[in-house]
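So, here's a batch of structures to check.
Two complexes, one shared chain (chain A), two partners (chain B, chain C).
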Partner chain A sequence: MSDRSLTQTEVSLNPLSSERVNITIDGISLSVPKGENVIEAALNAGIDIPYFCYHPRLSKGDAANCRMCLVEVASTAPDGSVRKMPKPQTACTLPAAEGMIIDTNTEKINKDRKGVLEFLLINHPLDCPVCDRGGECPLQNNTLYYGASASRFTEEKRHYPKAYPLSAQVVLDRERCIQCARCTRFTDDISGDAQLGLLKRGSDVEVGTFAHTSFNSKFSGNVIELCPVGALTSRTYRFKSRPWDLMTQKSICSKCSNGCNIKLDYRMDEVLRVNARLNEDVNEEWTCDRGKFGHDYISSPDRLKSPLMRKDGKFVEVSWHQAYSLLADKLRAAGTNCGAIAGGRTTNESVYLLQKLFREILGSNNLDCRLDSNPLPASDPLFKKSLQTGMGNKIADLEKMKTIMVIGSDLQDEQPILFLRVRKAWRFKGAKVVYVSDHLTTDSTAVSDFASVNLIYQPGSEITVLKDLENALARVLSANTADSEPPAQLNTQPSEATGLSNNDIHLAASLLAKGEITIIAGKSVSQHSQYVELYQSLTNLLASTNSEGNLNIPVHECNSLGTMDMGMLPGSGPGFTKCAGGMGTAEMLQASADGNLQVLWVMGADPVQNFHNNELAVRGIENCPFLVVSELTLTETAKRADLVLPAVSIAEQEGTFTSCEGRVQKLFKAFEPVGSSKPDWLIVAELSAILGAKNLYFTFNDVLQSISKEVPGYEKINPGTIGDQGIFRTVPAAG
Partner chain B sequence: MAILNLLFEHRDVEGIGNIDVWEANGGYEGVRKAAALEPQVIVDEIKTSGLRGRGGAGFPTWIKWNGLPKNYDAPHYVLCNADEGEPGTFKDRELILKIPHLLIEGMILAGFATYSKVGYVYIRGEYVEPAWQLRKAIDQAYAKGYLGKNILGTGRDFDIYIHMGAGSYECGEESALMSSLMGERGNPRLKFPHAPLPTVAGVWQAPTLINNVETYCAAAWIIKHSGEEYAKYGTEKSKGTKIMSVSGHVARTGNYEIEMGTPLMELLNMAGGVKDGVLKAVIPGGSSVQIMRPEQCEKINLDYESCGANGTLLGSGGFMVFNDKTDIVQLMRRTSQFYMHESCGKCTPCREGTRWLFKILDRIASGNGQKGDVELLLDVCSQIDGRSYCGLGDAAAWPIVGAIKAFRSEFDYWIEHKRSPIGNTFVPPVVEAVNPVLALTSV
Partner chain C sequence: MIQNGINTLADSYITHPVAQPEDKMQFSEEAVAELEEIISHYPERKAACLPALWIAQREYGGHLTPAAIREVATRLGTSQTEVEGVATFYTMYNLRPRGRHHLEVCTCLTCAVMGAYDVVHALEHALDISIGETTADGEFTLSEAECLNYCGNATVVQVGDHYFPDISPSNCLNLVEELRKSEKYTPALLADSLVKIQTPGASLKGGGSFKAEEI
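So, the complex of A and B:
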């Protein structure tokens, strides 16, 4: 598998030449990089060439099959004579060469376009009035611009049963398919599961999976957006709406820490589908299936619509006034004897105000946002160092690396967008990948599929593996031979302790020795009991290859990094500044279990389900004298609360998330909150006002400006600068 | 100008497939001779001979041979296209079946000339017998030291592997053949100028030489004798001989090796003339080329230029003769059915167009033709020809355009009278290729 790379010349594989050539398109003289695709040169110059199968992010080896982008091409010889190529050529695969003369709008080309469209439509069912794609369909658009008004085809069309279920999410209509192979190329080039293929031949060609298995991919939703017709449709969106009936709002995915830019397509207060939003530096134009299909909770009927108060063991709906009065009374009575746990899915604004409320008004320092087992106390300098930095590289820079080491992570699952970047680096940029893990996954795509070396060690031997790797790297570097031939004396027998042979370790070390490397470490490292030693080993590896700083230990929830930045940690204030210590999650739960914590506020978190020590979480939550939970639905924790405050989803509020790479991105409000629910930050702001806060906040912008003023690293972030692609928060230099 | 057995010189010698008999008849002399030659000398000899590719396109062979990098730094490959699928052509079958050592010689020489160490013979899956014969011959050549390491003490290595196709016409197209050989779907690949030439980046992105069986056989003959001697035969631009596979309504079908430039009618007479009637039409170069009327046949000489000048092609030499009891419309219907079935489905014009062409022709030939159908056929052909990804689309369109040009009245007759102008009303049943394999559960 690891040797499988592109078998046809790739523009993106060979970076565009710095040499410029002069070409003429429709009489317009252009100077473009040598070898650039003519279609890209034309589109950049604003000259329209219609296409279906071409896609800038997919390999061109299997493109040029729709024949829509045919252009007339002539070449100029050095002596000035012009020679016309006898056949029209596909612009999507034609590399620009000096003196090329291209015509895109001749009578002949217009006839060819008509011809291709006629061919595409003879077997197309023309069921646009009921098709999901109708209104945003390239086939429709191109037919209107370039096609003939009537078909001359009087024979019977090809027929297939409708709605073939490729997977639980993706439904295939083979009658609408135009066999452009975009979806099959996506699974080959981008996601790597290589599950979709073209079956049969000639006019019987159809998209399908081998042996009719389910299209089991973590990125399957993208093919729906890639499909230039309505052949691939989403199970959840199918027949729900027409595109022109939908409103669209920009948003940020809340399903992991990668911070994918998405579009929420909604009608009234119902999100009907999620599409990717272009951000070249984050997700390009992809989403993972969790992001694409996982936002149904926004419009769930289970959403809480008003505050719930426990009376005689049962929840009763109350007004916000009653809820605030009760909560304010309880907090006043508790004094400093209260605490808060915020989850990694709450916005920066909510968390910022929450810690302000507790620290400044209530005088309590019992704040935490961590539910994972974390080996380091928040006051440890290494904790600050490794978590505040999070990722040493930006996501977009991962593809520039020569060697990428992924350790202790099912990357496709933990960090799907990072996975796509790593795969892109390997497939299109020639990077080598070293995979270190204690297991191989059964997922349809994984780093191990394309890694040059897979070091699968015995569970528990991480420290030894990294030490071995350090030694091997030192040996390789001192011998100054980065070749992959191991010295003869190395034995190929797996060692008992780690399960790895010296040979494999040497191969990995010689890859690491070759150039600038980057390391991506996953949960198995960040939650390891000997995290400090592992961290030291990884930094040593980087130091010996002059790649200091390229250590990436991404966080896992969409705003984990933001909540920590905002100071939701015991002993660590906004921007990781030192402040008075307090209790962490475990201590709070313990104190609560012992009846020593009067009020516990859980915001956007579910310790009963997600805390690593479930037994403690249940005891702490159930024994808490007064538990207040702000949540979207009645979670396991909320069910045990004394007061439940209805919060809002990403679609109903403005707010910011800080992604794992430190990019602060804005959520835009799509529609009004359901029922009387309120954004978390507003709940906290109103309660703070009741409790006598001096600074009052009325809008999201007020809070963001306050963050900008008070949180180190967020100075540049304010409503005017954040834009819709986000900007990076800064990490203050060491100290 | 007549029959000229150069490649077929020893075809009928008893046991010629055996290497001992072959050597006794001067076999492997060329290889022994070439062992002492510089690679460039071999290429120059091919250049002198004026040999052009015998697979159909007639591209000058030496240019390909000269195009590969001249060193052993990276692997090069020699590919032999034995995926002989063109309807009407069966010359490679006889060459491999009767005189396999000639092909092996040719490939060894190509290996020497292009600094290649590995050769692949891509044989169509149906050619089981020839493949066995070639297997035996290769084993014998290994045993005698003509293949393997350090051939004849020259220090050069060459290995030949056989790869059986899986039954696709498309895989005879050189780029699709390379896809298939690499284990990919047998789809054509991008060609120059969209991608480098095979001689720069072919199979596995390595420099690759790909030629037809007959071309390698001719090259072996040329090196054994000399390029000059080969160039003595044929016309000014078409040198040497061509093997014509004669079939159809003739008395003696079979492979005839003729000198280039032999008049078409002479070949017809050699084959014993038209059987059961008078001459109605000839397809001179395989089913993809334009059909010729008798009066055109009189003017054609069998070489690249004369065929081209008369609006047809010499192609791969699939010489098909039809007597006056042939219904041209039904002939075209069957031809278009073949191309519909063999289209790989990659590009729009070929995938959709071949099916449409067949549907129209099938409709005409079952008595449902409509006025304007002929114009529609011509228009559909013009939308396929030159617009498809590879040559298969062109090959599907040419014969129909040619047939309409030569026998327009028969199409009109069918449409007007709903029956055959020949009187033969039998129409073979339609075999629809559509049989969906996906599980047909609707939701």
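So, the complex of A and C:
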């Protein structure tokens, strides 16, 4: 049986066997791990081998479609003579073996490459001048370096209708396709929806979906970047620009808490596309579709361009001076009778200065960042210990686990990059997965597809399920029967309370009993009214398998964690320090509804849309004596404000986000803010100065340095150390 | 199919199977038993893709509809796109409805030398269709086939499970008339012999003369 029939490959993506072999590539002697593909050995040593279908993150053995990486291979016979293999070999599927002598640059190989490229170009339309890929196209580059200058093919090329819509986002041009199967292997190996396949045969081969259904993968955008030609293109970017006309800036995706590293490709002040930026520890080189196609808000025409003040029931544009004067007057008049709500979408710097303004200058402790229903008050020690600290594991460490339990989460939707890691752990690292939820999704890919045991319980019985699981685990561990048959008293009869049979529970417990487990808990756990009991059960499961600390309850917005770290919680100052308590979101909205809160500042949040108690949110926001909202566009909350301050997007400011795993990463500024909009931190800094702040901040670096000095856990983070890939903040002991 | 409890697919399949709903499954009990028997010969279910498609072609009345492909994917626990890739790769799976009798004339070297194209043209003329087409009454589909490995009795025509050797422009019309009398639907027959790996039967004898009951 070949490797490709193994579904859970025992070999990792980088099979770094401890055994090493000596090979020679182009006369350079190398010592490489046994079994490493020749192409990897060569590329690591800086020797160029052209390729199209090979990709280090896709499973090996399925490649060798494109024939571009041909090399000559020889070995030394016992009599000392060097004997060549009669035909060239594909370096992408050839494992390195002792004594291999490889030539990548012989006359024969160059002739072969010319031939391969001539074949690949037979049906390729050569419409580079109008192709999105032109200028950054591997086919173009390899043809330039290795191809012939002309083709001998004079016959009719194959023709298909252009712009075949695979999905709402991805457009296929079958004429350009060279059948490398990277996209189809991506949907098999990485995203798991397996929606793309190669259909038909010979020169008719085309990429397609089953019966022309829509390619509705949650990760479909990645195939656009994977495609080594311009066959798969993005509907939004199509024909918008040439790559050499684009500027690129490093950034962090703001669509969820995973903190994907991205590149913003922009022209003037318009973001035209988003590509993934390599970060091995976070998103590797993937993005989800929300991140890849969801950044049109940055260059939206709806963006606010100047401060808006309500006069006679209507918004009028005013200068920043007028806006600051009004706000300063209102805040002075309100005294401590004011409050602020910041969403999880603002930078650490903005939130840090906002809480400083309220706590130190205005003397108000009414600060909160939580819009979700929360089972625990922010002052509860358990809140600090679990929900405020972030994940127990780092994202990259998830793939080292033997068993991964996902509970109460549609992971592919809530935490797409965590989902890809969990799938990678299962697919390439041999991990087993237990999925616990009250429903199965109809999404094109889900944890339940590859979980060894799915425990789909009756809604509301989660406490019982976890208790059952705890007991079963204790029984398995005490009997040491992890691998044995279930005891006789177990049956497959589903229990009435939970809908699960104790046989299934036993199988799940047997997997957990193998140790090295990690648990990822989703929204339905962290927002559960009996969170304390669930948390206790989960920690018990971990404790009994010596896996303490491997509990991951990821937050949901791009800077939810940083906002809490910066002290945007009632009674919890920067870095979890204790401070005087104040009102939380719900209390503030209630007080505002009752007319008891003079000024409410909502920064980067939309309580009217997103607060769990919509009725209270609308009442609080509409009745607020003076509501100031800093936002990008006129959200439902901003429409009801007395003063709207235009803030800027991730592309127009420097700033830091703290991802769900506690990695502090930097946003780099791509272009100038639209209109007269300003970064939130600058708005707060300028207002603080007007209100008499002692410390003045003029640049992003000033604020970050101040955070580094004053926020426990952020000591190591300063403009000099943060770099492109971010660094971890430490979790201070709860106090 | 992903459901509650132990997921037998987890260790065996790499992809996300989009399941055919239980009530839309069309395989008969015998077909399911036959498929399971074939699957038992292989280390993993998806290896039985080719015979499974033959069975599907038979069970779905002679050609593979999207529903047939989805049922195969569901029964093998693999992705429907992959099964469609297989079904569209091989020319002997019918993706469109065929006539009641599918005439496949071998036009490879030996048969061609022995006048296969004369047979093709005679059939085209007699049935008033071209290669690849089906007659208006739905009785016959005519296609070319690659070498049917019966060169000793060229030209050979395959109809369903049966080979008809020594066909010439004159006796091919006789074959057509005999086939008209047969009640059967030959494209759906094909799986019988191939799946059960029988050798073609009586029709190989007595070249050139046909009886309806043979077919």
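Everything below uses one rule, namely that the second predicted complex is superposed on the first by the 711 of 735 C-alpha atoms of A that agree within 3 Å, B and C clash if a C-alpha of one lies under 4 Å from a C-alpha of the other, contacts with A are read in each partner's own complex, and residues count from 1 in each chain.
The rule is simple: a residue touches a chain if its C-beta (ideal position, glycine included) is under 8 Å from a C-beta of that chain, and two chains touch if they have at least 3 such contacts.
Predicted model only: the values in this text are computed from it and were never measured.
Look at A:T637: by the touch rule set out above, it reaches neither chain B nor chain C.
In the superposed model, A:S437 lies in contact with neither chain B nor chain C.
Which of chain B and chain C touches more residues of chain A: that partner is B. Contacts of A:N365 after superposition on the shared chain: neither chain B nor chain C is touched. Looking at the shared chain after the overlay, A:R201 reaches both chain B and chain C.
By the touch criterion stated above, A:S257 is placed in contact with neither chain B nor chain C. Looking at the shared chain after the overlay, A:Q89 reaches chain B, while chain C stays out of its contact range.
Of the two partner chains placed around the shared chain by superposition, chain C is the only one that A:S501 touches, whereas chain B remains out of contact. In the superposition on chain A, contact of A:L70 is made with chain B only, not with chain C. When both complexes are aligned on chain A by C-alpha atoms, chain A residues 7-8, 197-201, 208 touch chain B in the first and chain C in the second.
By the touch criterion stated above, chain A contacts chain B in their complex at residues 7-9, 60-62, 64-68, 70, 86-90, 93-95, 97, 111-112, 115-116, 118-120, 122-123, 152-155, 158, 160-165, 171, 174, 178-179, 181, 197-206, 208, 212. Note for the complex: chain A touches chain C at residues 1, 5, 7-8, 184, 188-189, 192-201, 208-211, 426-427, 432-433, 440, 444-446, 448-456, 492, 494, 499-501, 503-504, 507. Of all residues in chain B, only 168, 170, 182, 184-185, 187, 189-190, 193-196, 201, 204-205, 340-349, 351-356, 359-360, 363, 370, 376, 379, 382-383, 386-389, 433-443 touch chain A in the complex they form.
The residues of chain C lying in touch with chain A in their complex are 2-7, 9-18, 43-44, 47, 66, 69-70, 78-82, 84-85, 88-90.
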